[in-house]
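The structure appears right after this line, and notes come after that.
First chain written, first letter: the chains are A, B, C and D, and each begins at residue 1.
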Amino acid sequence: HALAAAFDAAVADEVRIEPRDWMPDAYRDTLVRQMAQHAHSEIIGMQPEANWITRAPSLRRKAILMAKVQDEAGHGLYLYSATETLGVSRDDLLDKLHAGRQRYSSIFNYPTLTWADVGAIGWLVDGAAITNQVPLCRCSYGPYARAMVRICKEESFHQRQGYELLLALSRGTPEQHAMAQDAVNRWWWPSLMMFGPPDDESAHSAQSMAWRIKRHSNDELRRRFVDICVPQAEILGLTLPDPDLRWNEERGGYDHGPIDWAEFREVLRGNGPCNRERLERRRAAHESGAWVRQAAVAYAAKQREAGRAAGHGADQEAGA
Amino acid sequence: HALAAAFDAAVADEVRIEPRDWMPDAYRDTLVRQMAQHAHSEIIGMQPEANWITRAPSLRRKAILMAKVQDEAGHGLYLYSATETLGVSRDDLLDKLHAGRQRYSSIFNYPTLTWADVGAIGWLVDGAAITNQVPLCRCSYGPYARAMVRICKEESFHQRQGYELLLALSRGTPEQHAMAQDAVNRWWWPSLMMFGPPDDESAHSAQSMAWRIKRHSNDELRRRFVDICVPQAEILGLTLPDPDLRWNEERGGYDHGPIDWAEFREVLRGNGPCNRERLERRRAAHESGAWVRQAAVAYAAKQREAGRAAGHGADQEAGA
Amino acid sequence: MNAALALGDDALVLAQRLGEWAGNAPVLEEDVALTNIALDLLGQARTLLSLTGDEDELAFRREAHEFRNVQLVEQPNGDFADTIARQLYFSVYQELLYGALAEGGSELAPLAGKAVKEVAYHRDHAEQWTLRLGDGTEESHRRMQRALGTLWRFTGELFEPLEGLAVELPALHAPWRERIAGVLGRATLEIPEGADRTAWSAGAGRQGVHTEPFGRMLAEMQYLHRAHPGASW
Amino acid sequence: MNAALALGDDALVLAQRLGEWAGNAPVLEEDVALTNIALDLLGQARTLLSLTGDEDELAFRREAHEFRNVQLVEQPNGDFADTIARQLYFSVYQELLYGALAEGGSELAPLAGKAVKEVAYHRDHAEQWTLRLGDGTEESHRRMQRALGTLWRFTGELFEPLEGLAVELPALHAPWRERIAGVLGRATLEIPEGADRTAWSAGAGRQGVHTEPFGRMLAEMQYLHRAHPGASW
C-alpha cells in the first residue's frame, strides 16, 4: 500500500500524524484505547483526592488540592477532545467506562486513607505518571502529543506540591511523620506497578514502539522512576518499603526487590480495594446528572429553534 | 339520647371509656386529633436528638441517647396502637402527617445546634411534656390513659438524664458551661409555648375539660412548669433568659415575662426554623422504605398462601 | 473587622460546600466550573479572614456559634438545582455588594475591586444554568422551581444591616429582587412567594445561630486540624 | 488484650453505623429493632474496650489506623438491604464466635456467655429480613442479592486467625458458610460467587488498614470529643 508506506515513512521520520492523515486501523484503535484509558484515569483519579478536599487541614492546602482536582478535570477535557479527533465521542467513551469495557489506571483503585496519601499521590503517582508521559509529548499522533505537553507541565507542578506536602509532614510531629511513612509504605509498590508488567510479559509494547507511541520499555521507565525517587526519599527522611533496594554500581542505578504481580493482576481483574466504589461513584454521578444534561440539550434546542425563527422572520422582512 | 346521657354520666363519674363503648363523634374526633398529634410528635421528635447520636462525646452518653430515641420510637408505637382502637390505621395517620394534614408538636421545629441541646430537650422539653402528660394518665379514654402511664414513667427518666447532662456541662469547662447556657437560652421560650396559647385564646379547652381529656388550663400547667424549673435552674447554675421572671409572693409562684406569640404562630404556620426539614426527612424515610414494606407484605402473603396450601394438603390427607 | 469576618465566613462556607461537588458534577465542564468558583471564594475568604486574624485559627478552631456567615451558604448542596439556586441568590447579592464596596473608600474596597470580576463570572454561571434548568425540560423546571422555593426563606437575612460595613445592605434588597425576578422571568420560573425568613433565620447567622447541617459540615472540615493540635501542615 | 480490642472495635463500629439509622428506618418497628441491636453492640463494645483501657480514650482518641475492627462493619449503611446483608454476615459470625468463646475458659467467656443471647436475637432479626427481602418482591430480591454480592469480599477477613483469642477463627469459616447458605437458600437467594477478599482486605482491618468511608465515620464520631480536650461529659 502506498498509504501505509507513506504512513510508516512519516512515523519513522518523526513527522506528526494529524487527524486527517491516513492511518492504519490498528494504530487508530491502539490510540483510542490508550487515550481513552488516559482520559478515564484523569476523571476517576479525581475521586481519591477529592475525598480529602473537605477535610484539608489548612486553607492553603485546601486551595492547592482543589486546584489540583480541577486540573485533573481539565486534563480529562483535553484528552477526551484529543480522542474525539479519532472519531469517537466523549459520550461513547463514558458509556464504555461505565459499562466496565474501557479501563482506567489501576492505581486509582487504592484508597486514600489519610491526609498524607494526598502527598504520596502527588509525589509517587504523579511522579510515575510524568515519567510515563514525558516521552508521550513526542508521540507520533499530534493531538495526543500536544495534550501531553500541557498536561505534563501541570503534573510536574502537582508532583512538587505533593513532595512538599510530605516534607512538611515528615518534619512535623511524630504523628505526622508516621502518617507520611505509612502513606509511602502503601503507595510505593502500586506506583511501581503503574509502569505495567515486566518487558518480557508486555503484549503491545513492540508495535507501540514501532509506531512511536511508546518510546521506552516498561522496565526502563520503572528503573528511571526508582532512580529519581531514592534520593528524594532520603531528603524527605522517609524510607521506601523495599529491603532489597540497593545501588547497582555496574548499571549506575538502583535495583529494586520483586514486585507482587499477583496483586497487580487481581486489581486489574476488578478485585482491588476500591474498584467497585470508584466505578459506582462515577456511575452515580453520571446518572444523577442525567436530568441536568437533558435540560441543557433541551434548552439549546429551544434556543436554536428561536434563533431560526428570528432569522426566518428577518429574512422575510428583508425580502419584503 | 340515652347513650349520650350514659356517656356523660360515665365521664363525670370518672369511669374509663373503652373502645367498644358508645362515644360522641366529636369526642372521638378530638381524641384522634390529639392522640395522632402526640404519636407524630414522638416520631418527628426522634430527629433533633438522633442528630447527635453519631457525635455523642462519650460512649455512656451515646448509649443513653440511643436508648432515649429508641423509647421515643416505642412511644410512637404505643400511641399509634392506642389511636387504632378508635378505628384509624397507622398508615392513614402517617399519610396525613406526610401530607401536612395532621400536626406534631411545634417544639420539634427548632434545631439541635450543639450537644447541650440534647440536655436542654431532656430537661425542658421532656419536662414540659411530662407536666402536660401526667394529667393525661387520668384521661377519660382508657387506651390513651394507659399508654400515658407507661410513657410518663419513661419520660421522667429522660428528663432526669437531660438535667444531669446539663449539670455536667454547667460544671465543666467554660466552653461547656457556655454551651449549656446557650442551649437553655434557645429552648426556654419554645418550651413555654408547648403549653399552647393563653387560656383566653385557647379554642378547644372547655370541651376537652368537660370530657376529662384535659384537666388543667394551658396557663395553669405553664405556671406549674415554671415553678418547677426556676429552682432547678439555680442548682444547675444556669440562667433562664427572662429578665421579668420573679417570685409572686401573693400567688406563691413565679411570674414570667411576655411570650412571643407571633413566633409561636409563625412556627405553627410552617415557618419555623426546621418545619420543612423535619417533614421532608420523614417523607424521605417513608418513601425510601416503601420497597421494604412492600417486600414484607408480599412475603407474608406468600407464607399465608403456603400455610393454606399445606393445610389444604393436610385436610386432603386426613380425608383420604 | 466584624464585617470582614462575616463576609469571609460567607465565602469560606460556600467554598466548602462547593468543594463537596468535586468529582460528582453532572458534566465534566461543571467539575471545572464549580471548583473554579469554590477556589475564587476560598481566595476571598483567606484575604478577608486574614484581616481579622490567622486564617487557619479562624477556619478550624472556632465553634459553630462563632461563625458569622449567613445561613444561606451553609445549606446542603442537594441536587444540582439546589446548588444553582443557592449560587444564583448568593452571587447576585455578592456582585451588588462587592460592586458597592469597590466604589467606596473602605478598607475592603481593594479586595472588592478584585473580587467583583470573579463574582460577575459566578453570577453569569448561575444565570446560564437557571435559564437552562428553568427553560429546559419539565423535570428540570420542576426541580429548579422547588429549589428556589426551598431556599427563599434564607434570602431575607442577606440584607440585614452589617455593623462596620461601608455598604447599606438593606438598600441592596430592591435591586437584588429586581435582578432575580429578571433572570427567573427569562427562565420561565416564578419568583417564590412566602416569607423570606423564618422564626430564627432573620439575621441569625450573622449572630452565630446556624442550622443543623452546619454543625456536621464543620465537624468534617475541622476534624483533621483539631485532631493534631499545634501541628503545621 | 489484642483480641478484646479487636472484638470491641467490631462492636463499636457496627453500633455507630446502626445508630445512623435512628429515625430513618422503613418502619417504626425497625427504628426500635435497629437501635436495640446498636445498643447491645455498644454495651459489648464498652465491656470489651474497658478490658484494654479507658473506653472513651479508645473510642475517641485513636486514629483510624489504630482501630482493629474488620472492614465489614465499617461499610456504609447503604439501603436497607445493604444493612441487612451486613447484619446477616456479621451476626452469624458473632453467634458462632461468642458461642465458642462462652464454652471456653478464657477471660472473655463471661462476656460471651451474656452476649450470645443478644447475638442470637440479632441473627434472628437478620434472618427474618433476609427471608422477607429475598422472597418478597422482585425489587427486594434484586436489591438483597446485590447487597450480598457487594459485601461478600469483606467476609473472608472475619476468619483470619486473631492473636490471643481462645477460638480458632478459621475453623468457624465452614459452619458460617453452611449457615449462610441455609438462610439464603430458604430466601431464594444465591450465595455470592467471586473472591471473599480483595487485594487489601484479607486481615487488613485487624492490622489497622481500613476503607475510605471509615475515616469519614470516625471524623463524625470523634469530632466533639476532640474539640474539647480534657473535658468530662
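The working rule: contacts are C-beta pairs under 8 Å (C-beta built on N, C-alpha and C of every residue); 3 or more make two chains touch, one makes a residue touch a chain.
Keep in mind that this is a model prediction, so the values were computed, not measured.
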Geometric centre distance via CA averages, chain C-chain A, whole Å: 33
Inter-centroid spacing, chain D versus chain A (mean Cα positions, whole Å): 37
Rounded Å distance, chain A centre to chain B centre (Cα mean): 56
Per-residue overlap in chain D, given as positions that touch at least 2 other chains: 63, 219-220, 223-224
Residue numbers of chain A (touch at least two other chains): 55, 175
Chain contact graph, described as a line, ring, star, complete graph or other shape: other
Interchain contacts, given as pairs of chains that touch: A-C, A-D, B-C, B-D, C-D
Of all residues in chain B, those that touch chain D in their complex: 43, 46-47, 50, 53-63, 66-67, 69-70, 73-74, 76-77, 80, 90, 115, 165, 168-169, 172-173, 175-176, 281, 285-286, 288-299, 302
Chain B to chain C touching residues, read off their complex: 48, 51, 55, 110-114, 175, 182, 186, 263, 266-267, 271-274, 276-277
Contact set on chain C toward chain D in their complex: 63, 216, 219-220, 222-224, 226-227, 229
Interfacial residue positions of chain C with respect to chain A in the complex: 12, 16, 19-20, 22-29, 31-32, 35-36, 38-39, 42-43, 45-46, 49, 55-56, 59-60, 79-80, 131-133, 135-137, 139-140, 143, 220-221, 223-225, 228, 230-233
Complex contact set, residues of chain C against chain B: 63-65, 150, 153, 194-195, 198-201, 209-212, 215, 219
